[in-house]
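After this come two complexes, each holding subunit A, first together with subunit B and then together with subunit C.
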Partner chain A sequence: MSSTRRRVEYEIVKRLVGPALMQVDHAQRRVKSLRKRAAKPAGPFGPPLESVRKLKELMTRHYLEGRYADGAVPVAWVTSGFPVEVLRPLGYHAVYPENHAALCGVQRVVPHLSEATEEVGYARDLCSYARTDIGSVMLQETPVGRLPKPDLLCCCTNICQTVLYWYRSLAAHFQVPLVLIDPPFVYGEAKPHHRQFVRDQLDELLVVAARVAKRRAPSMDEIVGVTKLAREGTRLWGECLAESRNKPAPWTGIDGFFHIAPIVTLRGTAECNAYYRQLRDELRHRVAQGIGGVREEKHRLLWDNLPIWFDVRGMSTLLAEHGFNFVCTSYTNAWAEAGSRIDPADPLGSAVFAYTDIILNQDLGKRFGTLARLAEEYSCDGAVLHSDRSCKPYSIGQLDLKQRLAKQLDIKVMVLEADHGDPRAYAVEQGHGRLTAFMESFS
Partner chain B sequence: MTGAGAPVAIGVDVGSTTCKAVVVDRAGAILRHRVEPTHPRTEQQTTRILDELRLAVGCELPIGATGYGRKRVPGATKVLTEITCHARGAFSRVKRAVVLVDMGGQDTKIVRIGPGGDVADFAMNDKCAAGTGRFLEVILGRLQVPFDEVSAHVARARRSVPVSSTCTVFAESEVISLVAQGEELEGILRGLHESLAKRVAALAGVLPADARIVMSGGVALNAAMVDALGAALRREVSVLPDPQLVGALGAALSAS
Partner chain C sequence: MRSAYVQRQREEHGRKSIVVLPVHYPKEILTAMDVLAVELWGPPGAPRGPEAGRLQAYVCAVVRNALAFLAGGHADVVDAALFPHTCDSVQGLATLVTDFGGWSKPSFVFQHPKGPTRASVRKYLVAELRSLADGLATLTGRPLDVAELRAAIRLHRTIDEVKTRILEGRGRLATSDRELYATLRRGEWLWPEEHLEELRVLERQLPEAGAPARKGVPLFVTGYVPEPMSILDALDEVGAYVARDDWAAIGRRVVTPARALDLEGDPFETLAALYYEAPQCPTRSLDQAGRLQRLLALYDQSGARGVIVHEPKFCEPEAFDVPAIRKAFGERGVPLLYLETELETELAGQTTTRLEAFVEMVGARRVA
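Then we have the complex of A and B:
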């Protein structure tokens, strides 16, 4: 199929089909909600967020456009901590395999996809995100209909080394170039030569990304423009999270796990920012009205690490029934912090800082500092550290973190062993039993 | 109107291996108790036990439920986890800050109980039966040693035969090969207890220097295990009275 025809299809989907489908969906929901009357509190939760509809619309459109993107526009598969800002002016459609794997986790299709990966020899100890996406590629199965084939793979090891080997496998499979940004692990402060090392890689990325997209390298004005958007989006996301410093928190930490999707996948776009403006305003309105994410908030917890995607609903219900809410999570906070260091006046230089100094690329002392600060800022009286079987870099050191948090902040802390994506590595009944015992210990 | 000695509550602890029930008075004394192997249909089993106990005491009482089957105890007025109930049961006996080691059928719990009886912290074995009563049960079954004779066997051991694997499946095959090599049964049993105790000690982590250790759960009835645990923790370990009933006692006290 010619690239012109693909482009026409892509534009039709982007400009007409996507919005039209959303209008139909919107109308159907309106009819339903009129029947149901105004949003009522659902069980132990406060009334559902209105913005959820917009979130669904954004993400559905993103994946729908993705189906028609390859052959029409350049496509990059990108790790979550990658400086995506430089790809936007080149017209790339960015796919986030981690976000896709999280979606597979929520849909509980990870065991099926993962088994296909394990059958060809990948270890079950590998991160379930990697196993899920490799399985999805091999079986050509995905709950989103279809993922566009990449023209470029963009990997940044500021989150873990697993992504490097994962993306190498993808590069071998798709036979496309892989660009790597490899920030050195930061003990204390990154040294100038570390920063120069990352800067050189960013410069190289610009050249490769432009060549693959068959375009001229983006001008500094274009990069500044997208950087401004990314910074603004990050700030807005941070403002959404900060609303939970209020008592009661206007939403739950579990809501945050879902609403993080745009800042990860659409960072640097105007639609991402418009979405967070809407969400922030809604949260502010809820604060003014005294509406909580949990109907009766009695205790406020900090969550560390990725969510357990396949059990987020079950777990949040269990917590809410006992009057507990995860009012902040180090995971959702990471996206509010990293981008805040982006400076449009020096987009590439500041990107070095932003993408090197992220929580998973820092020593344990800094991680402790972040957790302690969050626990204080959000007035937490307890913390749950999710020891994630899949994500070793996030889980390492948690026993020390637990002791330090409990001792220095005088709060209750528990470590919960689970997995963010693979239900085969987690016994729900036992996990909920541990959480219940933890909650009982507050009384 | 209840006075001293009058029954005030029933506690039921539906564990993976045994189902325990107690009737307590206001002071926490156990007036009646039941211990039975857990039936697959726990709801029917607990209904029958509760009926029998109500009949015996001649009145309706509030019911506290705990253990894996706690959510299926008919008429329970208080449903709490084993961690909370074991802590309450243990504290009612010792009335001071202690570290409780509860070795039950399917899990081992370490609960740090504060000076006021609160749960300050806890740890449990995750996803694995090694280090639990089930582990001992499997190996003793394989060696055809009845549970109530095991301590006497260990006491007779002239030396300890190290059993390196604490995975139930691997330990079983390791023990079989040790027997085949002609190692004496008593020594193997001692080695087994030591390896199990080390696993529990690892779960307990670093304990405060002044920590007092108490033990509950069915495994606490095995004196050899208590000794091995004391050696592994380098602390004296005292066994709570009626160790198997501590969870049910805590459940009853919570309901009263």
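Then we have the complex of A and C:
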């Protein structure tokens, strides 16, 4: 199929079909929700956020456009901590395999996809995000219909080294270029040559990304434009999170795990920012009205690490029934914090700091400082540290962090061993039993 | 034994010593600065103390055992620790023991870059090497002497050349795998010149080229580290031997440059050049195809008739390549055994049985 025809299809889907389908979907949901509202008894949660509809629309459109993107526009598969601002001016459609794997986790298709990878020799001990996406590629199955084939793989090791091995396997499979941004881990303060290294890699990225996209390198004005949007988006996201400093928190930390999707996948776009303005305003309205994410908020918890995607609903319901709410999470906070370092006046120079000094690329002393600050700012009286079998860099040190948080902040802390994607690595009953015992310790 | 050796080095030569975590680091700089490197691959066996419990059971045992070892004071005889940028777990250990307790002596990191050589990487690597040398100068009390670094590079080049000859001639060498690898692994803690002497003794045992191959089924092994060492005894007992290896601890660290190195120029540039001449390792390379090509070539050169992929549990860099290795050898019809062993325990009877069955199968293929 010619690239012109693909482009036409892509534009039609993007400008006409997507919005039209969203309107139909919106109407159907509206009818359903009216019926449900009448029939469903009140649960432990506050009324659902109106913004959820918009979130679903945004993400559905993103994946729908993706189905028609390859052959029409350049496609990049990108790790969540990658400086995507460089790719946007070049017209790339960015696919986030981590976000896709999280979606697979929520839909509980991880065991099926993962088994395909295990059959060819991938160990079950490996990150379930990686197993899920590699399985999806192997089977050509995905809950989003279809993922576009990448022209470029973009990997940044500021979240873990696992992405390096994972993307290396993808590069071997797709036979496309893989660009790497490798920010050295920060012990104490980053050394000048470490920062220079990241800057030099960003300069190299510009050249490679332009070559693959068959376009001239983006001008500084174009990069500044995207950077402004990215900065604004992360600021808005931070404002959404900060609303949970109020009592009661107007939403739950679990809601935050879902609403993080645009800042990860659509960072640097106007639609992302429009969405967070709407969400922030809604949250502010709920604060003014005294509406909580949990109907009767009694205890406020901090969550550390990725969520347990396949059990978010069950776990949050269990907690909400006892008046517990995760009012902040180190994971969702990371996206607000990193973005605050982005400076449109110096987009590449500030990207060095934004993409190096993130929580998972810094020493445990700083990690403790972040957790302690969050617990204080959000008035937490407890914390749950998710010891995630699939995320070693996030989990190493948690047993020490638990002791320190409990001792220095005088709060109750538990470590919950699970997995962010693979239900085979987590016994739900046992986990809920441990959470129940933890909640009882507050009484 | 190692503690006594470290102590003796201090008393007899005034040498400082440094415990080094796996895998890749510029040993030449340590040698040039008269610092003894003592590598810590675990150590194997049960953790030496309760501190291993500070890490989850799903973290690799090399790192959990190292934590117990360091925090238990078993490495107190050395003067400092060096953590290369190997993987998330070693990186995590480096901050855990220094920020939250377990190691109070000086510590250094060597954050080697990942991926292919590029202008940015080359520049960074040279700066990182210099930075490490500057850091070590605070330990030794004297700056690195460039001439001494050149000499150290030459010494380590000689060591690698002798190792290459031994490993390439392994099929003619009567020494058992246990003896061979014990000698090779003594390089993890001996002063390099002493290690070279031992290697030369081994090299002199090599029969002339063309001598008949040793008895037994030759196998090619790729993996992390030959632990537990009893795996070598088990191979011997079932009539097999390691014809060539790609263990990260051994064969993968022997550098045979494809092009001539400038040994008289800036020695940091020479070290950076050497870094990219080293065999492909998943802890620092992006090129999976290049690695597979090398493994297939080594297999062909070795005369091996089967492959063992020998990995410790929870080793991500190694584990991600296993499917590709299986596929590459599978397409060539090469028998392959995947063996996952524990660092903490001796070889299980079940593993020995699997080895036996594999060697029998490979042997039978030869007859057929």
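Just so we're on the same page, the second predicted complex is superposed on the first by the 431 of 443 C-alpha atoms of A that agree within 3 Å, B and C clash if a C-alpha of one lies under 4 Å from a C-alpha of the other, contacts with A are read in each partner's own complex, and residues count from 1 in each chain.
Rule of thumb we're sticking to: a residue touches a chain if its C-beta (ideal position, glycine included) is under 8 Å from a C-beta of that chain, and two chains touch if they have at least 3 such contacts.
All figures in this text were calculated on a predicted structure; none of them were measured in a lab.
Participant: Based on the superposed arrangement around subunit A, label subunit B with subunit C as either clash or fit.
Facilitator: Fit: subunit B and subunit C sit side by side once superposed on subunit A.
Participant: By residue count, which of the two partners contacts subunit A more extensively, subunit B or subunit C?
Facilitator: On the superposition, C touches more of the residues of subunit A.
Participant: Please indicate which partner A:397 is in contact with in the superposed arrangement: first for subunit B, second for subunit C, both, or neither.
Facilitator: second
Participant: Taking the superposition as given, does A:406 touch the first partner, subunit B, the second, subunit C, both, or neither?
Facilitator: A:406 sits against subunit B, while subunit C stays out of touch.
Participant: Check whether A:381 is in contact with subunit B, with subunit C, with both or with neither, and answer first, second, both or neither.
Facilitator: neither
Participant: If we overlay the two complexes on their shared chain A, which of subunit B and subunit C does A:121 touch? Say first, second, both or neither.
Facilitator: second
Participant: Let me test your reading of the model: by the given contact rule, A:417 touches which partner, first (subunit B), second (subunit C), both or neither?
Facilitator: both
Participant: With the two structures laid over each other on chain A, which partner does A:343 touch: subunit B (first), subunit C (second), both, or neither?
Facilitator: neither
Participant: Is A:434 in contact with subunit B, with subunit C, with both, or with neither (first, second, both, neither)?
Facilitator: Touch status of A:434: first partner only.
Participant: For A:365, is the partner it touches subunit B (first), subunit C (second), both, or none of the two (neither)?
Facilitator: Second partner only, subunit C.
Participant: Consider the C-alpha centres of subunit B and subunit C from the C-alpha centre of subunit A, and write down the angle between them to the nearest 10 degrees.
Facilitator: With subunit A as the vertex, subunit B and subunit C sit 70 degrees apart.
Participant: Once chain A of both complexes is superposed, is A:201 in touch with subunit B (first), subunit C (second), both, or neither?
Facilitator: The second partner, subunit C, only.
Participant: Considering the aligned complexes, could you tell me the closest Cα pair distance between subunit B and subunit C in angstrom?
Facilitator: Checking C-alpha atoms only, subunit B sits 7 Å from subunit C at its nearest point.
Participant: In the superposed view, which residues of subunit A touch subunit B and also subunit C?
Facilitator: 399, 417
Participant: Which residues of subunit C touch subunit A in their complex?
Facilitator: Within the complex, subunit C touches subunit A at residues 53-56, 58-59, 85, 87-89, 91-96, 98-101, 109, 111, 113-115, 118-121, 123-124, 127-128, 131, 282, 286-289, 313-314, 316-317, 319-324, 326-327, 338, 340.
Participant: Using the touch rule from the top, collect the residues of subunit B that touch subunit A in their complex.
Facilitator: For subunit B paired with subunit A, touching residues are 68, 80-84, 118-122, 124, 126-127, 205.
Participant: Mind listing the subunit A positions that touch subunit B in their complex?
Facilitator: 399, 406, 412, 414, 417, 427, 429-430, 433-434, 436-438, 440-441
Participant: Give every residue of subunit A touching subunit C within the complex, in rising order.
Facilitator: It comes out as residues 117, 120-123, 125-127, 130, 157, 160-162, 164-166, 168-169, 171-172, 178, 180, 182, 184-185, 187, 191, 193-194, 196-197, 200-201, 203-204, 363-365, 387, 389, 392-393, 395-400, 404, 417.
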